[in-house]
Structure formats: structure tokens, C-alpha cells
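In what follows, chain A forms one complex with chain B and a second complex with chain C.
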Partner chain A sequence: MRSNNMVAYNFTLAMQSFKRAPTLYFLIMLTLSIGVGVLCANLALVNSMASDPIPEKSANLFHINMNTWPDDQPPDEPMHILRYRDAMAIAASDIPKRSAVFYASGVYARDIESTNMKRFDSDVRATTPGFFELTNAPFAYGSAFATSRGMEVVIGDELNQKIFAGKDSVGKTLELDGELLTIVGVLKPWVLRPLFYHVTEGRAFNLTDDIYAPLETAIDLGWSIHARNSSAVDYAGISETRGLDVYYLQAWIELEDVNQRTSMQSFLDNYTQGLKDAGEHPLTIKNEIHNVKEWLKVNKVVDQKVLAFTLASVLFLSVCIFNASSLLLSRFHAAKFEVGLRRAIGASNRHMLMQGLTESVLLGLFTGVVALVLSWLFLKLSVQFLPRLANVAVLEPKLLVLGMLLALVTSIASALYPLYRANRYTISAELK
Partner chain B sequence: MNIKALLKSLLLRKFTTGLLILQLAITLGLLINSVILAVDTNNKLAENTGLDAENTLIISLHPTSGDYRDLDYYRSIVSEDLQQLSKLPGVEAVSLINQLPINTRGMLGNVYDLDDPEIVHRDKYLQDSKIFLTNEGLSKTLALSLLEGRFLTKADQLDFGSDKNGNVLITQSLKKALYGDESALGQETNNGRIVGVVKDIMLNPTIPVDKQYGVFGNRVMEYIFTGRYYLLKVSAGQVESVRNQVSDTILAVQAERDIFRVYTMAEHMKRFYRHDKGLAELFLMLCGLMIFVTAISSYAYSQFHISRQKKYIGIRRALGARKKDILLYVLTENWLVYSIGCALGLLMALGFNILLSQYISLSKPDIMLFLLTSAVLFVAGTLATLIPAIKTSNIPPVIATRTV
Partner chain C sequence: MLKMNNISRIYQSDTIQTHALRDFSLNVKAGEFVAVTGPSGSGKSTFLNVAGLLDNFDRGQYELDGVSVQGLKDDELSRLRNEKIGFIFQNYNLIPDYSIFDNVDMPLRYRGFSASERKRRVEDALDKVGLASRLKYLPSQLSGGQQQRVAIARALAGEPKILLADEPTGNLDSLMARQVMEILHDLNKGGATIIMVTHDPDQAREVNRNVQVIDGQLADFKIYAPLDRTSENKAKTISDTVSDTLTKEMADA
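Moving on to the complex of A and B:
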């Protein structure tokens, strides 16, 4: 009961203190909340760029790099893009639980039953069927296609909204660059941040694809490659590429057990050794497998510019804390007489400290609320300045909590020295 | 003015002075680096690209219907597009190209003289030469300037599916890399026979200016599906009127096309540097906030100090110090703090520069910049302390007679 009374009493004192010097406290709150707001906005960006998009199995999914370029002038070593026969050898291995081999393409899509001739620019993932289970793609209607051949597609939610107003479109037929393909599945809204299965070529924060088409079908139809591709030979169209040294496919595998990684590595090494023995592998064998987190790191998914700015905003916050600290010091100094008096009539150091802390916590709470509003604003502002971040700028609940905590901590931190000083004021000095 | 006495008085309030100095140093450190970032970006944007950026229009587009898989149909439509576009008033030349200058990636390839394929190991940039598939209109649309030989002509266009390489135009730096000071005319490369050398244009701003290797071949009709951009050279002052007509002109030829953007080469360049510019602006915004916060601190610092020194200042006034002297005293005291802060700020700027360059590329700070930014800080700080300083100088000598 008594402690409750003390809390209420401290609270009243704090409010009185705020009222007595409103401008000063407003300035403190403003500077601290700007500091926390800016930092929090940046942390939100870093957080969503550095997050694990598939936590349930990111340790079990592996991306494969190989070094099978046919002469001694490879564009990269090793390469994240594979040629058809190497990718198929991986897909044929029975070590992984499942695999996905794909390339990115694009087509224009339209519902053949529609009277509207408008076609929608759609990103395509031309893939083997293992992709859906490997990435845990969420189905709203229907299911995945069963083989890499067949005139069937799965479409994403956004395209389904655009063409079919979000209704169950399984069984409908789409005209894709002049070809007719049937929808067998529709995905739910699917956010992968980062888009782990394709982080290269600056695509890490692209949205998930609009259309998922069977790999062999896409190759047969000659759907062009929209991401990185390198070739050691001239070719007229993608439909010719199966037997050629054209590198454009990315391969992912899912291992049941993380310990199978070594056996997968030796599988790859054996495969390439076979090529070497046949005189088809002039470069040093260099096969790399990376799990999701490693792959995100290798590709520097976290924007370096944002990291640099985060560094600057940490410095800015420290300036804000220093500022608040010196403002509080002058406030406490001005209230010296009151403090001295209160101590003279029996308030202990502990009481004075508690009172000071109550004030800071209260101030911190106000700061936190303002800071969260500001961080939302700064996030919008950052996207204005760095439009590439548009898909990354989200304030997750944990960031809101972090922002609040940061506000409290900074508020208390800036009051520490002033409080310490205030506790040393003696009544005798004041009454002199 | 007695600096020693001033220093002593500052030492009396180590904590607040220390905090202010630290703030000043951090502010200066950030300010210097932000200005460097902004200057760097502006320099990049002002760099000579060798292009007539304002009067070159780019149209990026893609067909939407399956009919375009018939390449002859595709070619006939594109030819008609170019024909119609060239008729627009104000259009001086039109061409078609697979990729744009001022870009990091795109279609890249090895380039070497057939007699010396090994050269690509000695100069790695040769492995990433830009391969332009274009037509004979390019020399006019990009206003290329010829150094030797001739431009590409209609006759250089190969028959479709031909396995010959044909004639190519190369950039000056590529010529230097392959042939030094000798003439390149008539030389055979893996990409074709060189018929002309043009002055460099900015192909990839992220690599050195003398490594702008580019090869231009008259082959875009053969690989028509790579012809993603139409380039228009427009008479000065006509850009807007042409820009407003291109979409309708193209769609009137055949409507099943998606026209992504119609923009000038200058806008393309701005877009390329958009993120650098955005970052610099963010940094400058942060600096503005920081100067504001530091100004508040300076104000609070003087105010706090004066409230403690009222009596002494009163005594000084009573002993004959004029208002002017007191004002100067307070300001000098602040300037001393700023000087220490700025000196420390220089170290901070260097440290911060090293730290930042781990994430982004930026130039080193120079002394002029340091002096300039320090001046900004001095002005801001002086303005902030002016009110408390004037207030102080108004302290009447009579204060001295009150309680001692």
C-alpha cells in the first residue's frame, strides 16, 4: 500500500516538474524521440533485410554453386548459375529430400475468356515441381503441377487478384505470350523477405513471382531468361540450351538431415571429377553449397548504404542523449533548492533516486510514443530517398517494442549523471 | 582576454563542457562525411559522359502478344515504329539497341584480337566488355564522334542466322587496350572486323574511365527480341513535345506493346545515381537535425552556466566591466569550447570516414571542407548562445550587492 502511495506521489511530483519547465522537457523529449525514431526506422530496415525468411528449415535448404565452365575464362568462380545437364544431375541425386531447379522469366498474361485484351506483365519462375514443397509455398486453391512438362501453371495471389479478382481460378486457362496454359494452383499472399530463392542480381527484395511454370515447358516455349545468364557458345533461343554450355539455372536442395551436407558435397565433387576425367572440366573443381543464411550473407543481402546510415544514426542518438543529459542537468540545477529542502526534511538518497527515475521513466514513455510515430515517418522518408527499399520498409511489432525500450533506456541514461549530481546537493549549501 | 582563466573556468564544469565538446566533435565528424558524400554524388552526376544527355530520348518497351514470336513479324513492326518515330517533328535520328550506356551489367562478353586471345587474362576488364547489338542509326542517336574509320552502315547488317561476325565499331579505350597506338582498322576480333573507332562514352560508371570497353555491331535485327530500347535524337527544345507523342505513335503502329518508360538520357543517369543521391540526402538531413540538437545544447550550456555565475558576473560589472566585455567573455568562452570540439571533430571525421568506407565508397576529407564545416558549426553555435550571452551582459552590477 505504502509503496503504491510512493509511486503515486513520485508520479505527481514528476508531473509537477514537467509543468514547471514545459519547454525544457519538451525539448528533451523532442531530441530524444528524434534520435530514437531515426535509429528505430533504420533498425527496422536492417531487421527486415537481415531476417530469416524461412526459419522452419533455413538450415536444411542449400544453394549450389559449381565451376563447370568449359574453358579457362569463366565469368565467375564458382558460378551460382548452372547449365542444364549439371542442374539435372543434382535433381537426379537421391541424397536430397527434394530439389528445385529454376530460372526467372517473364510473360504477358491474360484470361482467354476475358473480353478485355489487356495483358499483365508477369514475373515467371520456370521450375521443377519440387520448388513448392521446398519453399513451403502456401496454396489457397488447387495444388502444384506434378511434372516439369505439361501446359500447367500455378499463379500467385497478386496476379489472381488482377485477373480473376481473387476467386478460385483453378481450371481456368491463361494466354501466356500466345500459348494456352491451364491453372492448377493458386497461392495465398506470399511474402518472402528476403526472397531467399533468388537473391542474386539485386532481386533480394523483389516480390514472389506471379506465375510458376514447369521448367521443361518454359524451355520448350522459349521463354527468355530474365536474370543472369552466361554462355560459352552462341545460341538462338533458350529451347536449344539443354545440350549447350549455357549457364542460367539455379539449384536448391533440401536435406532431411543437416549432416548430409558432406555427402552432398562429395556427390558434387564426384560428379565434377567424372567431368574432369572426361576432359570436360578445365577449371579447378570448386563446388560450394550454402544454406539459406550463408547464401544471404555471401550475397550481402543487407544493403550496405542502410548499414552506413544506421551507423550514423547511432552517433546521432548519442548526441541526443548528451543533449538531454545537459538539459536535465540544468533543470536539476535550477531545482537545487527544492531538492535540498526535501532532503533536509528527511528524504533519503533512495527516495530522491526513485523520484528522479520515475520522472525519467515517464519521460521515456512519452518519448517512446512520439519516437514510434517519428520512426514511421522516417521510414516513409527513407523510402522516398532510397526507393529500392520500398518492399523492406515495415515496422514489425518487435521493432515497436524495441523502439519503446530504446526510448526508456535513453531517457534513463541521460538522467543518470544529473541525478547523481543532484543527490550530492546538500541542504546546508542551499540554505547558506 | 585571459585564455588560461577561461580554461580554468571550463574545467570547473568538466562534465557539461565535455558533453558539449563530444557533441560538437560527433556533429562535425558526421557533417564532414555527409558533405563528402553529397559532393561525391554531385561529381559523379556532373561527370562527362560523352553523351548529349538532354536531347536523347529513350523508350523502353516490350511486346505483349504471342504474335511477336514470329521474328519476321516482330522485325516488320519495329521497322515501321522506327519509320513513324523518325517522322515526328523534332526527331533527328532514331535507332534500336539492346542495352543502354551508364549501366553496370547488361550484355557483356570477351573481346580479343583473334591473334591474341590470351590478352583477356592480362586485362580482366576485357572479359566484361559491353556488347551492343544495334543498327546503323546509333552513331546519330548517341552523337558518337568518329576517331578513325567509318560508322556502321546499313550494309553492315548481316543476313539472319549468318555465322559470320560482320563489321564492328569499338570504343577508343578498347582500341587502346587491344592495339595501343596502332590503327585498329581492319583488325579481326572474336566479335567481328573493326571498321571504326569512336570516342569513349560512359558505359559503366563504376569502372575506370579508361576501361569503357564497348563493341557495336549492326545485329539487332537478327536478334530482334533483344531490341528493348528505341533511342531518339531530338532537336534542342523539342524533347517534351516529342516525348508526349511517342507512345501514341508506337501504339498506332501496333497496340499490343507495353511501353515501360519514355525518358531522357539525363533522367536515366539520375536514376542510376538515385540511391547514392538518396543516401547523401538522408545524411544531410541527419546533419541538419544534429546541428539543431547541438545548437539546443549550446544554448542550454550557456544558460546553465550563466545561472550559476550570475553573482560573479555582477561583481565584474560592479568592478567596471562593460556590457560589451561580458558579451565578449561569454562568446569567447563558447568559441573556445567550439575550437576544442572542432579539433576533436577532425579526428572524429577521419575515424568515421574509415568506418563508413567499409560499407560505402567515399572520398577522404580535406582541410578546406574541415574549415568550411567548422565555420558552419561556429555560426550555428554563436547564434544559439547569443540570447543567453546578451542576457548575461544585461546582468546589473547591483547583483553583486546581494547575498554573498
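Moving on to the complex of A and C:
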């Protein structure tokens, strides 16, 4: 009861202290808020870049790189893009629990029943059906297509909102570049940050796709490749690529047990050894498999400049703390008489310390709120200058909590030295 | 009540060592009203600071109400100050933006009393100094004498064993000074132990014991003969005018 009374009393004293020197406390709060806000904005970027987009199974998902280039001058070694027959060999393996082979494309889409002729420019993922379970794609309506062939598609929430106002559009028909395909599934809003299944070519922070089409259908319809591709031969269209040395497909596998990684590595090495034995693999065999985190690291998804700027923000925050501390020192010096008086009439150093800390906590809470608003503004400003950060500049709930904690810690840290100074004099000296 | 034996207090700067108190010994019994006089810089305030546990001492023994204060931790010293000592300062030391109630309430907050107990004590203390009706006033709305009476109420609220007054009338005109002194005498008659530092020989003469500090040491006792404060001789110490004014103001309040 006594401690509750003192807590309430200390809060009252803190509010009185703010009222006595509002400008000074506003300056302290602003100083700390700017420091915390800038750091928080940077941490939000780092958090988005460094977070695990599929934590429930990121250790079990593997991207496959191979070096099956047919001559001795490959564009990369090994390459993250595969030719059709290599990708299909992986998909046919019984080692993975499931696999996904896909390439990125794009079409113009419209509802066949619509009287409006407007077509929506849509990103397409031409993929094998395993993609949906492998990536844990969330379905709002319907389900995935069952095979890689068929005039069926799954569409994302954003396109469903644009064309069908978010209603259940399963069974509706879309006209995609002049071809009619039926919608069999609609996804819920789906954010993958980073977009782990396609982090190459600077796409790590793109949105998930608008349309998911069966791989063989997309190839047959000649939907062009909208991502990196390499070819050792000339070809007229993608529909010809199945038997050619055209590299454009990415392959992911999901292993039941991470210990199967060695088996998968052996499978790939044996497969390429077979190619080498047949005289189709002039390079030294080099196949790589990376789990999600490794793959994000290989592709340097976390921008080094952002990391450097975050470090600079930490230093800037330190400067802010020093500034706030010197402002608080002047405030505590001005309140020296009251400190002396309170100690003279029975307050102990512990009481005064608790009073100072209560003031700091309250100041920290105000600072936290302002810092988060500033942080949001900094992120908005960043996107104005660097539009590619649009999907990264997000303040997640954990960042909000972190921002408040940072504000509290910095507020308390800036008060420690002034509190120490305020309590180190004899009471008689403070009362003079 | 207060026993000091061979207390020394030395202030040390880079080049100078100042002996503010040297082998200072004093024994004050419960119920005494002691005036401490002496020239400026003689060590009166240092004595009062050491007695009130506001300052440390370098050598000697000090016992307050049976408690030896040497080696006590900050928490224990604070509790002693809060429970056993009431301070009355020359410049009142009231917090200007606190109401009279809140100023008197301050020491009780650190004692852990309930809100109702604090209210009762604050009202009783203010009643004793004739300011019970001014609870919500700010110090700036009171005269100097009234402010000092608030400070006395603050000192009394915790029901201390001893009152330490550092020139309590130093900032007051003679009329207000008399009012304050009258309150202190009343408190002493009620059993309070009071030690008062003063420059005023008349005030020193009014109390039942007087000590003089010179160069940090006790000099002669009873330099001034105590005045006879019997009812027949009351006019010698308090003029009728002063007495009437005080009575009237107390009644108004």
C-alpha cells in the first residue's frame, strides 16, 4: 500500500516537474524522439529485410543451383536458373516431400463477363502445383490447380479485389492475353517479406504475384519470361524451350527432414554425373542447395547500406542521449533546492532516485509515442526518395514495442548521470 | 535527547582546511529550549546541520534520542530525520507552487501514512499555528510570518522529538517575529525540545538555556540571563499590541 502510494505520488511529482519547465522537457523529449525515431525507422527496414518469411519451415525449404551449362563458358557458376529437363528431373525425384518449379511471366487480365474492356497488367507465376503447399500460400476460396496442365489459374487477393471486388470468384473465367482460363482458387492477402521464392534480380521485396498458372500451360501458351534467363541456343518462343538449353526455371524443394539434404545433394551430383558421362556436362560438377536463410544471405537481401545507416543511427542516438542528459542536468541543478529540502525532511537517496526514475519513465512513454510517429514519417519519407523500399518500410507490432522500449531505456539512460549528480552532495550544500 | 561529544567537522578545499566545529560537545535534555548564538562564521549553522543529520561530521560521537548516528546508512539517517527531527529554516523553504496543505504534507509522504492519517496530521499542525483555514493557499498568498508558521506546521506534522530552528525569525519584521517566537514558546511549554540558532540577544534571553559558539567550540553558557516569562511579567517579553494582533489573527484564521 505504501509503495503504491509512493508510485502515485512520484507520478504526481513528475507531472508537476513537467509543468514547471515545459519547454525544457519538450526539448528533451524531441531530442530523444528524433534519435529513437531514426533508429526505429532503420530497424524497421533491417527487420523487414532480415526477417524469416516462412519461419515454420524455412529450414526445410531449399533452393537449387546447378551448373549444367552445355559449354565451358557459363554466365554464372552454378546458376540459380535451370533448364526445363534439369528442373523436371528434380521435380521427379522422390527425395523431397514436395517441389515447385516455376518462372515469372506477365499477362493482361480481364473478367470475361465484364462489359468493361479494361485489362489489368498482372504478374504471373507459372508453376507446378506443389508451389502452393511448399510456400504455405493461404487460400480464401477454392484450392490449387491439381496438375501443371489445364486452363486453370489461382489469383491473388489484390487482383481479385480489382476485378471481382474481393468476392468469391472461383469458377469465373479470366481472359489472359486472349486465352480463357478458369479461376480455381483465390488467395487471401499474402505478404512474404522478403519474397523468398524469388529474391534474385532485385525482387526480394516485390509483392506476391497476381496470377498463378500451371507451368506447362504457360509454356504452351507462350507466356514470355519476365525474369533472368540465359540460352545457349537460339529459339523462337518459350514453347520451344522444353528440349533446349534455355535456362529460366527456378526450383525449390521441401524436405521432410533436414538430414535429407545430403541425400538431395547426392541425387543432384549423381544426376549431373550422368550428364557428364553422356558428354553433356563439360564443367566441373558443382550443385548447390541453400535453405531459405542461406539463400537470402547468398543474395545479400539485407542491404549493407541500410545496415551502415542503422549503425550511424545508433551513434546519433548516443549523441541525442548526451544532449538530453545535459539538458536534464541543468533541470536537476535548478531543482537542487527541492532535492535538498525533500532529503532534509525525510526522503532518502532511494526515494529521490525512484522519483527521478519515475519522471524518466513517464518522459520515456511520451518520447516513445512521438518517436513512433516520427519513425513512421521517416519511413514514408524514405519511400518518397527510394520507392523500392515501399514494401520494406513497414512498422510491424514488434517494432512498435521495440520503439517504446528504446524510448524508455534512452530516457532512463539520459537521467542516470543527472540523478547521480543530484544525490552526491550533502543536504546542507543542496539547501544553500 | 541530543548528546554530542567532541564533534569535529572539517571542510577541506584544495588549499584550505577549515575547522567548522572542533571538539564540540553539547547535551540537550528533553523539553529544553536552547538558543545557540555566536558571531557569523562561528559554526552555529554547521552545528545545526550536523545535529539535523544534514551534514556529516569527521570525528566524535553523536547520539539522538538514544540512537548513535555514526555508521548509519542513508535510509536509516533519512528515517531518523523524518521521524525524530523537525526543521524550521530561516527562509521557510516552502515549495512555491505547492499549496499550504501539500507543503505540510511533504514529510508525511515519506512516512507511509494513509491519506486520511496525513490529512488529520496536516490539519492538526496547521491548526496549531493558526492557519487551518488556509489549506489551499499558495505560499505567495501568505505573509512572511504566515509562511514561517506553515514551515513550523510542516516541522510539527510528523510529531518529531526535537525541533531545529535556523534563525526562524531572521527574515521577519518584529511583529511577525514575535508571533513565531510565541508559537515556539507554546510548543516548548507543551513539551517540545527546541534548538534555535539566532542572532537576536532578546530571543536568546527568552529561552531557558543559551549556548554560544565561537570558532567552532562552545563558549560560555548563559551569557544572557533568561527572562522571567511568568504571567506577571509577560508584558516584559510580549507587548500587549503584539499579543492582541496574534490572538486576533489566530481567531480570523
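Everything below uses one rule, namely that the second predicted complex is superposed on the first by the 429 of 432 C-alpha atoms of A that agree within 3 Å, B and C clash if a C-alpha of one lies under 4 Å from a C-alpha of the other, contacts with A are read in each partner's own complex, and residues count from 1 in each chain.
Following the convention adopted for this analysis, a residue touches a chain if its C-beta (ideal position, glycine included) is under 8 Å from a C-beta of that chain, and two chains touch if they have at least 3 such contacts.
Predicted model, so just to flag it, every value in this text is computed and none were measured.
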item: Partner chain(s) touched by A:S143 [first = chain B, second = chain C, both, neither]; value: neither
item: Which superposed partner A:S263 touches (first chain B, second chain C, both, neither); value: neither
item: Chain B versus chain C as contact partner of A:L341, first or second or both or neither; value: second
item: Contacts of A:L311 with chain B and chain C, given as first, second, both or neither; value: first
item: More chain A residues in contact [chain B versus chain C]; value: B
item: Intersection of chain A interface sets (partners chain B, chain C); value: none
item: Residues of chain A defined as touching chain B within the complex; value: 27, 31, 34-35, 38, 73, 75, 108, 117, 119, 121, 175, 177-179, 201, 222, 224, 228, 236, 304-305, 307-309, 311-313, 315-316, 318-320, 322-323, 325-327, 329-330, 333-334, 381-382, 384-388, 417, 421
item: Sites on chain A touched by chain C in the complex; value: 1-2, 5-6, 9, 16, 20, 337-338, 341-351, 426-428, 431
item: Of chain C, residues touching chain A in the complex; value: 45, 49, 52-56, 74-75, 77-79, 81-83, 87, 89, 93, 95, 97, 106-107, 109-112, 114-115, 154, 158
item: Chain B to chain A touching residues, read off their complex; value: 15-16, 19-20, 22-23, 26-27, 29-30, 34, 62, 64-67, 69, 105, 108, 110, 120-121, 127-128, 161, 225, 256, 258, 274-275, 277-279, 281-283, 285-286, 289-290, 293-294, 296-297, 300-301, 303-304, 307-308, 352, 355-356, 359-360
